[in-house]
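One chain, subunit A, appears in both complexes that follow, with subunit B as partner in the first and subunit C in the second.
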Partner chain A sequence: MAARSTPLRHAPPAGPGPAARRARRWPKVSRALLFAAPGLVIYTAFVLVPLITNVANSFTDLNTFRPSTHWVGLANYRALLDDADFHQALHNTVVLTLIVTILPNVAGLGIAMLLDRSGWFTNALRSVFFVPTVLSAVVVSVVWQKILTDDGLFNRALHAVGVGSPPGWLSDPDLALYSIAFIMSWQVLGFCVVVYLAGLQSIPAELHESAVIDGAGALASFRHVTWPLLAPAVTINTVMLMITGFKAYDYIQVITNGGPGSGTTSTIAFSIVQTAFTGNHVGYAAAMATVMFVGIALLSAGALTVLQRREVTL
Partner chain B sequence: MSSSTASWLRPLVSLFLAACFFLPLYLVLVNVFKPSQDIVAHPAALPVPATTANLQAVLDRPDRLFWYGLVNSVEITAFSVTIVVVLSAMLGHYLARTAGLAAKVTLLILLSGLTIPSAVIISSLTRVLDSFGLMGTIPGIVLADVGYYLPFGVFVFMGFVKTVPVEMEQAAAIDGAGYFRTFWQIVFPLMRPATASVFIFLGVWIWNDFLNPLIILGPDTGTTVTVGVYRAIGEHQTDFGALFAFMFLASLPVLVLFLLFQKSFVKGLTSGATKG
Partner chain C sequence: MHRPLRLAALVAAAALTAAGCAAGGSSVSGGGGDKVTMTFLTFETPNLNAKYWDDAIARASAKVPGVTIKKLVAPSIDRTGYAKQLAATGQLPDIMIAVNPNGFAQSGQLAPWTDQELADFTYPHANPIGGKVYVLPFNTQPTPLVYYNKQDFAKAGIAAPPTTYADFLADCAKLKDAGINPIVVGGGGNDTFAATYPWVASVGTDVYQGTPDWLSQRADGKVKFDSPDFTKATQKVADLAKAGYIDTAGLSRSYADTEQAFRDNKGAMYPMGSWFAASADQTKPPFDVGVFAWPSDDGRPTVPAYTGGGMSVSSKAPNVDLAKRWALAFMEDKQNLDASVHADGSIIAIKGYIPPTDMGPVYNETLRAYNEAAASGNVVNAFNSETGDGSLPPGMSDVVNSAAVDLISRHKSAQDTVSFLDAQYDKANR
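After this line comes the complex of A and B, so read on.
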């Protein structure tokens, strides 16, 4: 380690002898070994090495049930370009990401502004909105699946109020993806509400008062005071929602298993797991995974850059 | 709209929206305590008289799916969270107090791990675990979780180390405490809010995790309660009561955790929303 450390002990000025130099050097090395190494070794072994071997595998025809593996160059990536199933998964992922980024963001801001009062009532309602956030995606998926399935509670309620043939929310290929986007939005809404509430409550009341004195209406006050000062909260929510939408897997697996029909709700994450563990085409799945990793890295880096540029400090 | 109208309209609208929002969970809650035939006939009615038959049925399953899952979930979550807290507190402190290129690059590599979806590495991860003979074992999934969630811990602790005055550490060093003792006796106790954040968030995330236990533990070695819910879906196509009771029991620990530590939850979530 060539790193300079913040001096923690006032070591006496050491002589130039090799023994003294060793003595000075030793705590630095042992500190790195003791404090940095254990975490870094585990991270390297179980995150970095898989990440790198994944890229390496994407240039092979690795298959769980074939004894020999060959380098195939860019063949997997070239195949991805013509793979209609992958294109559909990519398209579905983009649709999900867009809806899940926008819907809870907007609804969460609205609800946060509605709840933006202090007191037990606000705190209680905030908790109500937050509960789904601590539940597992599997539980949330099962709950909504039982509600939205063809003869589920929702359609029976629609029947009761006179809707003759209610839509198949999860069985109609044109609807299922949007139903899943709605379910995901429902689960993450509370996160946005809590983050926006904290953002709103950090805005000094004097700023709104002076805006009103300057003749600003509610809309102008929101546009010129609330919105700019809410920028850090917008950044957190948007980046978190984009990543949530982009990596959607659990919901698809539990609610529709990629269907109805062939891959109408499949996402990239779902395709990767299916291709690797059901299809056993590990090399091909690795190419998908590499595309996904690059995609999510660009997406979050891009969003962070754009959003943080408009953050202002008081 | 006069301001007096708004003053009662606002809580009313909020309450109405919250009630609509909560309806799906209400349906689960009331039906956990109803006999199955009542669920089909009156899904939204209150459970009067309430029955614990559904909960009993889950707890008394002959295959003990819930209990095996519970033991696994508790073990995996407790070990993973504790190890992440210890390792990421030390690593976060080390990186925050170390200048120079190597530390910066290490930090960058760690933080890039924050956005890696499990699906990207899961296939290669099974190969790594397999080569250590760790597939299908609790230590295997614990190590995988520790690696995966370490960046989050480092991120939280590093942000917090900066609020601990370096003079305190220097004073401890002058008094003869080594780096190790200085950290555990002086610095770590001061970082309690960060520790609470990491404990709570990772507790919830690892408890609720689906893909890792599904693939790494596999069907033979057993499941966590979360994967148990998934396995229970198929067998309870019509028995809503038993399925809802399983989900209720599987979620109870995180719900209790949330209710107990609500304040820390919100604080941990919102520390970044109010900077400046």
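After this line comes the complex of A and C, so read on.
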């Protein structure tokens, strides 16, 4: 009698071999690659390749008009250490970034709390605050330049109310950087308001009611309920604003062209363009760009790490 | 090949082909016409507006068949900076106007003009680079002359424009005493150049008058910006600012707003390039405008001027000869020259050219002031405008512009300013 073979109780079901499985998975992988391809191609072409090229250029003396380019090692980076113009640009960038990170964050939160209610007027105001955000930075710069020149609208208004010699908002080297920081803050304020409004509206009303029942006043409710739960919004706003401040170029180019005078409002991004395309020192500008890239990356990573630590998940 | 992948490969290939086609500015169309498309870089100002360029392009194109011109407009008045950006991405325009050839020429990106092509020009060898001319020297622009408000002068008791620097200072004092701001300058945003003109004029009278090749000597290291003559010229501007004779409000004004400030009677004197003459004649200010050369100590009528401003042709143009023919047709067309005189107050440097008879009084006075200086051999280079051998290294023009603002705003002393220029000059040549 032939023994009838019985399949093992726990044996895996019979199926295709590894080669067949790979063959079956391949269409899925190729389809996924197909969908990712446009993004990958664009990212590689417009981010990765320029980034790598820039870092490579930073170790050379590449000049727009010089036929031969030489490897100079770290010479460009060493020169940056002694470059007073770069130090001034770095200082200006840090000041600008600090103001543009703090001012719209604080003002945006305050305005968002005022607008966190329903009604047609509040809805209209939300749109009003957001309008500057959708405008081009160049348009905003031109408009504010007209307002803030020495004989512009703002100083004429100050004259009208009796201010004899109003400040030169854009012509005074000690004031111009702060004027630009204000203009940038004004434009990004709407973005902060929207992010904070979204954060505020995601906080369950019951939490505030519980706090009130527990005897919390407005300040305590803000401190113990609103502020902790707004942490994700704070993270988004802070990181976005830091990046905006650090890469400021268009406002400077249009409003002051780095002046008044020598580099008083020059930022790193502005110096890079000037150095590369006016001075023709592309290799040196590439070193500046690499420092700027590393700076933004470190600052963003640091801010994200610190801010995400205090985020609360409901 | 798998069907979706094949499709993707086709799409990618099509996109790359399209990108390749779009990157270049020039093309030769197919078919039997063989019409060549060439890019032409221009810039726009209140005087040289879009219509001026479009009309001039149409006239030149009518004379040179087979060319289709694709006009590019520089985003600001700094067309040289824009040309550099385009060159860096392999898109240098085929034809450019009023672009500083320094750097482009030395790196072989421009086609030199031959003596035969330059035969019609009055100063065929103006601003040469290595003995060759890369920009058609089609006009001369005195930069600056001093345009003044005749009514303001009369109000301050000034009977005639000053001829010596001492007279000039005395007139500034009279204007100030009469409650009139003596000198209008500009300098805001991208128009920092408009702050430099008192300085350019002082360098003309105090440096270039005695040493016409001073800047070449600086390039050779024989002189420095902190030399006594250049420092003296710089100190003159610092003293004007200190005395309150230059309106620092202008340092935040754009070029257009600066001209408007003079028109709005915010100052009696306006040191500016000769192109203002055209503007003043076309749209007359509510006062009579006069012209004089920035006075020198000894009263010689020194006029800083730049000759050039014409076309350059890329050595990589699809058809260099055709591009040159088109550029010459543009530059030598009588109607175009007349339009340039009318629109920009050009003093044409082409043999036999006679300006239109209907030119206004400010242009005619400008021409008279220039001719007077030229006749007595007192036309000098305009500092910061030179483009030939020995001119300022790339990037220095912006440095001079910003230093002028520092000087006028009294952010830097004259001595600090010249030391700053020397340091920046060395850095630019690094």
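Structural remarks
Quick note on the criterion: the second predicted complex is superposed on the first by the 281 of 314 C-alpha atoms of A that agree within 3 Å, B and C clash if a C-alpha of one lies under 4 Å from a C-alpha of the other, contacts with A are read in each partner's own complex, and residues count from 1 in each chain.
Throughout what follows, a residue touches a chain if its C-beta (ideal position, glycine included) is under 8 Å from a C-beta of that chain, and two chains touch if they have at least 3 such contacts.
Quick caveat: nothing in here was measured; it's all calculated off a predicted structure.
In the overlay built on the shared chain, the residue A:T69 is in contact with neither subunit B nor subunit C.
Applying the stated contact rule after C-alpha superposition, one finds that A:S171 touches subunit C and leaves subunit B untouched. Number of subunit A residues touched is higher for B, counting subunit B against subunit C.
With both structures placed on the common chain, the touch criterion links A:N280 to subunit C but leaves subunit B unconnected.
With both structures placed on the common chain, the touch criterion links A:L34 to subunit B and to subunit C. In the superposition on chain A, A:D150 contacts subunit C only, with no contact to subunit B. When the shared chain is aligned, subunit B and subunit C each come close enough to touch A:V254. Residue contacts after overlaying the shared chain place A:G263 against subunit C, while subunit B stays out of touching range. Across the superposed pair, subunit B and subunit C both touch subunit A at residues 27, 31, 34, 253-254, 276-277, 282. Those residues of subunit A whose C-beta lies close enough to touch subunit C in the complex are 27, 30-31, 34, 37, 41, 64-67, 85, 145, 148-152, 168-173, 253-264, 274-282.
Residues 2, 4-5, 8, 12, 81, 84-85, 87-88, 103-104, 106-109, 187-192, 248-254, 257, 261, 266, 394-395, 398-399, 402-403, 405-406, 409, 411-412, 420, 427-428, 430 of subunit C are the ones touching subunit A in the complex. Those residues of subunit A that touch subunit B in the shared complex are 1-10, 27, 31-32, 34-36, 38-40, 42-43, 45-51, 53-54, 57, 111, 114-115, 117, 121-122, 125-132, 134-139, 142-144, 146-147, 153, 156, 186, 189, 191, 194-199, 201-202, 232-233, 236, 243, 246-247, 249-250, 253-254, 268-270, 272-273, 276-277, 282, 285-286, 289-290, 292-293, 296-297, 300, 311-314.
Considering their complex, residues 10-11, 13-15, 17-18, 21-22, 24-25, 27-28, 43-44, 87-88, 90-91, 93-95, 97-103, 106, 109-110, 112-113, 115-125, 127-129, 143-144, 146-148, 150-151, 154, 166, 169-170, 173-174, 179-180, 182-183, 204, 207-211, 215, 226-227, 229-230, 233, 240, 243, 247, 250-251, 254-255, 257-258, 262, 265-266, 269-270, 272-276 of subunit B touch subunit A.
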